[in-house]
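Next come two complexes built around chain A: one with chain B, the other with chain C.
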Partner chain A sequence: MAKKVLVLLAIIPLLLLPGGCWDRRETEDLLLVDSIVFGKPNTGDTGQYRVSFITTRPSSGGGEQMGASGEEGTAQAATQWEVSSYGTTLEEAIRKFSIRSPRYVYLAHNRIIMFEEGLAKEGISQAVDFLLRARGTRLRNYVLIVKGDTPDLLTSSPQFEDTLAGELYSILETSVGEGDYYYPSDLNIIAQGILTNGLDPWAPFIETFSTDQASDSSADQPVIIRGTALFKADRLVGYLDAEETQRFLLLKGLSNAGYYDIEINGRKLSYRYEQAKVRRRLTVEDGRVNVSFDVTLKGLLEEIHFYSNLSKTEIASLEKSLSAKAEAALLGTVNRCKELGSDALGIGRLIHSRKPEIWKEYSKNWYSIYPEIGIEINVKAQIAGTALGTKPIVPKISE
Partner chain B sequence: MFKHIFRKNKSESNKAAQAVQREKFSKDLDENIKCVQEVLAKCCDLESRPIRIGRDRQIRAHIFFLDGMVDSGFMAANVLKPLMLLDPGDTGGPKLDDEILNSLLPAGTVDIVKSPNILVSRILSGSIAMIIEGRESAFAIEAIGWQERAVEESQTETVVKGARSGFVENIRVNRSLIRRMIRYPDLKFERLNLGRITNTEVNIAYIDGIVMEGLVEEIKRRIAKIDIDGVANFGMLQEMIDDSTFSIFHQSYSTERPDRACSCLLEGRALILMDNFPFVVVVPSAITHFFQSAEDYSSKYVVASFDRLLRFVGLNITVLLPGLYVAIFSYHHEMIPTELLKSISQAREQLPFPIFLEMLVLELSLEVLREAGVRLPRPVGQAVSIVGALVIGQAAVAARLVSPPSIIIVALTAIASFTIPIPEGSDAHRLLRFPVLLAAGAFGLPGIITAWLMLLVHLAGMRSFGVPYLSPISPFFLSDWKDFLVRVPSSFMKKRPIQTAKTNIRRQGSWKRGGK
Partner chain C sequence: MQKYGISAGQIIGMMFWTIMGTAVISLPVTIGLHAPRDAWAAAVLFTIGGMALGLIVGALANRFPRKDFVVYTQQVLGTFIGKLLILVFLVWLFHTIGLVLWQITNFVKLSLLPETPIAPIMAIVLLPSAYVVYDGIEGIARSSQVVFLPTVIILFFLYLLLIPDVNLQNLLPVFEDGAANILRSSITPLAWAGEIMFLIFLAPSINKINKTAKYSIITMALIGFGGFIGELFYTGVFGLLRQHVSNPFYSLIRYIKPTAFIERYDILFVTINLLGNFVKLSVFLYVFVLCLSQWLGMKSHRPLVLPSSVALLFSTQYFVSSPNELVLFLDNVFPLYTIPLLYGFPSLVLLVAVIRGIKG
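Coming up: the complex of A and B.
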């Protein structure tokens, strides 16, 4: 027993000596990367990559302080540090950065991965391959496409949150609900899209917002999400704007809220749907595959600019014209996807799952067949009510 | 060398026992007086006086007692007065003893003692000794009257709702407290003496027919084996009868509450009472006792179950939280939510010490504060707690020596350690967090897991008087879980714990709950 105790007593100092020799790292030694931007250098050197990092620099005040004493009491907000690094491979670019970084570059808490338009057009498969291999990055990292140049993005400043990455992250996190003009895409969706035959990747794209009215200081330019970037395999082929994104998300089943405005005799009517059901059907006629989307919308009349007594028959006719409007809009979005050659809607996957034998032939040259596939949209828009008001307000003095 | 020292000690300790040399009284009173005075020489609390008794006060007698040990009023009224004033009816024949014993002394316990040895020990335990001329025997009249504490509320196991009485130092009062709760002839108190010099009275209490088979014999065997001059504390007794001496856990637990002690008796356990200590030791003990409090049975079962789960969480926090904090924040940053990591790393910005050292120092200083707090005189207590809490805590953060999150962790650990209702449990777990902290600092989470597994292996291998310490977890007894991490309604607890009441398991008959 005494021997056992002695051995135990000897173990304690031995434990302390090599304590944490392997990978112990203090939290304050980590450089927390919030966002990585992959791009191409402006010089036109095609073999080079540019990797930019948006990181949080902890405030020197140390966050909250209990003491209210003058020098220490001020809590400084965290600031960001953005930096770019170049290399012939992505790994080299990151390595170069970690050499000059005063702290250990820590990617495990990265939240947003961005691809610059230029690189995305050339293909992102190498970058995605690197990200999937890297130990730090997570499949749940959001992916954004940067329309325009990275330097412009890096100089623009966040409007509300402390850092740009934090602001974009918060915007993406709160995306579901109102309007559904964008939907976050993550590394998982991108990787699946690149690897799956019959399904193409997509991701929201951001743009540095600059209007003529905006202040001339470029540092004050906000960044906003404009819509969705569509890929053909791993290459960026084009963009959908906010309206088209709403239709696109509806067809993908990712969104169930949105608006349609119609005009009747030059007066406007606004309709908001809050329930949407999409049924996808596949029919084969004479060896030709037709895909049809049966969409049922249920919503309210939000705003009416003309007088109507809203009788049953009138509502039925409004429903009809709303359906027609929605059909046209949705078809427009589908045609836009077809034009761009991107199958982000997953038409190929649909054929694969419903008619595997047909897909066997199609899969060999799907991208040439895809534009020829007949796609039909049937919308049934239902007006469930007229929101809180019933009849529209009529001014006392008519025009 | 050691052998030599031990041998020497042994012979010295035996000397005290040999001090009383004479085995028998002589017929000569003076010689007998001299004999007692010799044994109790240099004892300034020994009082003695000669008296004359019998018809016409012809018979010489002598009285001995220890000042402060006997009730002087009782002595005057019930011993001296009848002896000196009343007529025994006999002048000195053999009938005198009977006369005194049967009709003169109204005291409760009067014995005729044949040997000076026994007489001295009776004097030492608060009896009045009377030696009468021409007799080879003496009287020992019990007249205990020392100062003692009244039955008060327990200090270590306080409850909001529940019995207020707690054990006291006097073993007779303690016995009566138990007896008052269990008025049943099969409640037995067996007497043993412990310690060659202190001669402390030890009782084993159990309910015949319910107590675990062989338990009483085993306790007696273990206590009888002990050869010691004196037991200064019941903790020593606990340690000396424990199965695994080197374990950090006691394999018996002590309670200050008679109600708790009685419920243990009804479960088939036995109690060890010790004179002069306001605690009784319960054997066998098991891990279930870490979570049970007397309070549980006075509150509704849902509340009691919630409290027990809280205690379980509290126990885990006590042992694991400092270790987990160190392991996760120095090795496994991936596991932390991003916002939390950012706020912690901001708080730790520019701190001089690694997180492990910081926690080690803080935990140690907490122990120092706790230890000092036990010993602080009441008037300075407040001042010191202000220094401890404000100056050390706040100033250390303001001076950027430690980070606020670490202080929170340490405070949480300290508070959580007090959720464990029995001191034996909380003390052990309080200490266990240091090895866990060490393992975490050296190896991160794998270290904690290893330490935890080692602890489990140790606990699973331990026994208390033959009962596995981890029961009812391992070995698994479903019916015992009714009173473990949750407490089911009382009417569902129809059985006693299987391990302790093997032969008499049924506790409630088949009856229908009220209202049905």
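Coming up: the complex of A and C.
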């Protein structure tokens, strides 16, 4: 009997552990942050940081409410709430907000981290370091760069989701595998890019755009992902537009799908590749490293603006033209990265991993050697078919 | 002293978590300090060291079947030297249990209960282990058996979910960290592998005592494989960033992509960690009180469980003051005395027993 009583007494303190003990915090006491934006105020005080939070207004989180008649349900959408706080350090800015917040600022459910352009140009390593130390931050948090003014972004309205963070998160999630014009980058990729020699960080960038040219109201300005921001070490050095991003992602092996539109003798054609293989090769000539990307694309003709029965010869000729177009476009993207001085493609890491003895020399002065590295692109575009149609629809009158 | 016979599955489950329990928390950090890209290589040396020690332990178990290590050490080395060496081992063990308890507690504090003072967490973590140790080896063996399979399956499942995030490029170029750094990174794991020596104390309770060496080799192979895979994943997913996170395994689990079905996997890691470390702490505490009771010539270990637990509770809070201090200690100091003790002590006993022709 005494033993049973002792066992029961021993179980009581164990029950404190799941209860949370000193740490008991109910969900309704938490301010679940959806997104954090790090920036610098436009006041000219360069020593100040601005940290903005995008959250769901706690009182609106209840979901559906019934109308007075009880017959009709009126959905109460969760409303977005934005707040900014300032400090000489990031911690101070967050602390200032925590002091006046009636709820605990809870970062463990945060999904998106944004860096404002001004701060990103100065360098994001301190902010990344701060985030890695912060309790609750996850390395899976997506990172975005905000081109333009943060205040515009904060007051812009989401179009499909309840909050801006929710909308951006959904856009980034659905982009994976689509191979379109953006690909999510997260805190892990950014931090690795800052730390690793021969590999620079990159992240999609967003800006607001106006659907109504006459309207000045930022509430009418939804946010759009425009392309990719490139960094040199931890500093933002420039942007790739949507088309360049598609090529950048293809060369990085992150995208398997994309489009090429070509025009032959004024006749337009649209090709969508759905399979892509990228093989990276290194060759050494006279002690100099050259990098070759062998790209194989396989896809369908989606749109043809001319009549053709698409014979084998014609297909071969189109493939040749498409390959040339893709080669020029991919090389253009590589050159754009070089111009900006950003090795986000990881050319340095490629040399490091395959030719470590050469990298020993290169690593000492990589950023000045990088623009001189010979990069060759070989594309083999294959037309696998003509989508679900066979011959183009041509009006009889033209025949 | 103990009548219960431990089965093969139970002993492997016990020793797996005895070594792995805190290894998953601390070793990725110490290994990453010296050889972040070639960290997997540390697992190879760890396994070889542990297997070699396992063979020595097996040889001792075969030579002295059903005899307690504390007893035959005095028979082989003489009462004075035997008792002195056992005392040194007891001091080491008490301090190491403190470190183990601190690591578990610190993990709970950082990940779950940041506002809670460390003492109540320690007490709560220690309580189930003290209870099961009081009950004897049967309770530890049975709970290890229950814990082993589900935890290993969950670990396997978690690794599967991380496969899409592994970038094998991060492991290249192979052996770039250099032989010296790889060897340096293997020293702390080698000290951890020395804990397979605890089998010596459990051997008299094993059903098939002549298979002790085989069990230790199977255990080390399992842990070595787990460590190898773990290190591949830390570097594959985080690259050089693994050197900057305080708990790479926890960060890895938190990195798993949320799905519509399960959003957060953190709790699985916390569960595995607490269950595995419950086994670890129980085995450590059991070996300590068993060894101490035999050293003192007592008939049962039970009267020592409560005082030892209370002593641990009070002293552990002064053993370590910060996680960084612990990492530096585990990296620079701990192996210096642990490797000679855990590898040297049983080797010495076996060597002298062979030379003197003593058998149990």
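Throughout what follows, the second predicted complex is superposed on the first by the 353 of 399 C-alpha atoms of A that agree within 3 Å, B and C clash if a C-alpha of one lies under 4 Å from a C-alpha of the other, contacts with A are read in each partner's own complex, and residues count from 1 in each chain.
By our rule, a contact is a pair of C-beta atoms (placed from the backbone, for glycine too) under 8 Å apart; a residue touches a chain by one contact, two chains touch by 3 or more.
Owing to the predicted nature of the structure, the values given are computational and were not obtained by experimental measurement.
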item	value
Which of chain B and chain C A:A10 touches, first, second, both or neither	second
First, second, both or neither for A:I262, with chain B first and chain C second	neither
Partner chain in contact with A:I224 - chain B first, chain C second, else both or neither	neither
First (chain B), second (chain C), both or neither touched by A:L300	neither
Contacts of A:R140 with chain B and chain C, given as first, second, both or neither	second
Broader residue contact with chain A after superposition on the shared chain, chain B or chain C	B
Chain B versus chain C as contact partner of A:L331, first or second or both or neither	neither
First (chain B), second (chain C), both or neither touched by A:E28	first
First, second, both or neither for A:I315, with chain B first and chain C second	neither
Partner chain(s) touched by A:I369 [first = chain B, second = chain C, both, neither]	neither
Shared chain A surface residues [contacts with chain B and with chain C]	16, 20, 23
Touch list for chain C against partner chain A, complex	110, 112-117, 120-121, 123-124, 127-128, 131, 169, 172-173, 176, 237-241, 244-245, 251, 254-258
In the complex, chain A residues that touch chain C	7, 10, 13-14, 16-17, 20-23, 132, 135, 138-140, 188, 191-192, 195-196, 346, 349, 352-354, 356
Contacting residues of chain A [partner chain B, same complex]	1, 5, 12, 15-16, 18-20, 23-28, 30, 32, 56, 58-60, 62-67, 69, 72, 78, 106, 108-109, 111
List of chain B residues in touch with chain A within their complex	246, 329-331, 333-334, 338, 341-351, 354-356, 394, 397-398, 400, 404, 438-439, 441-442, 444
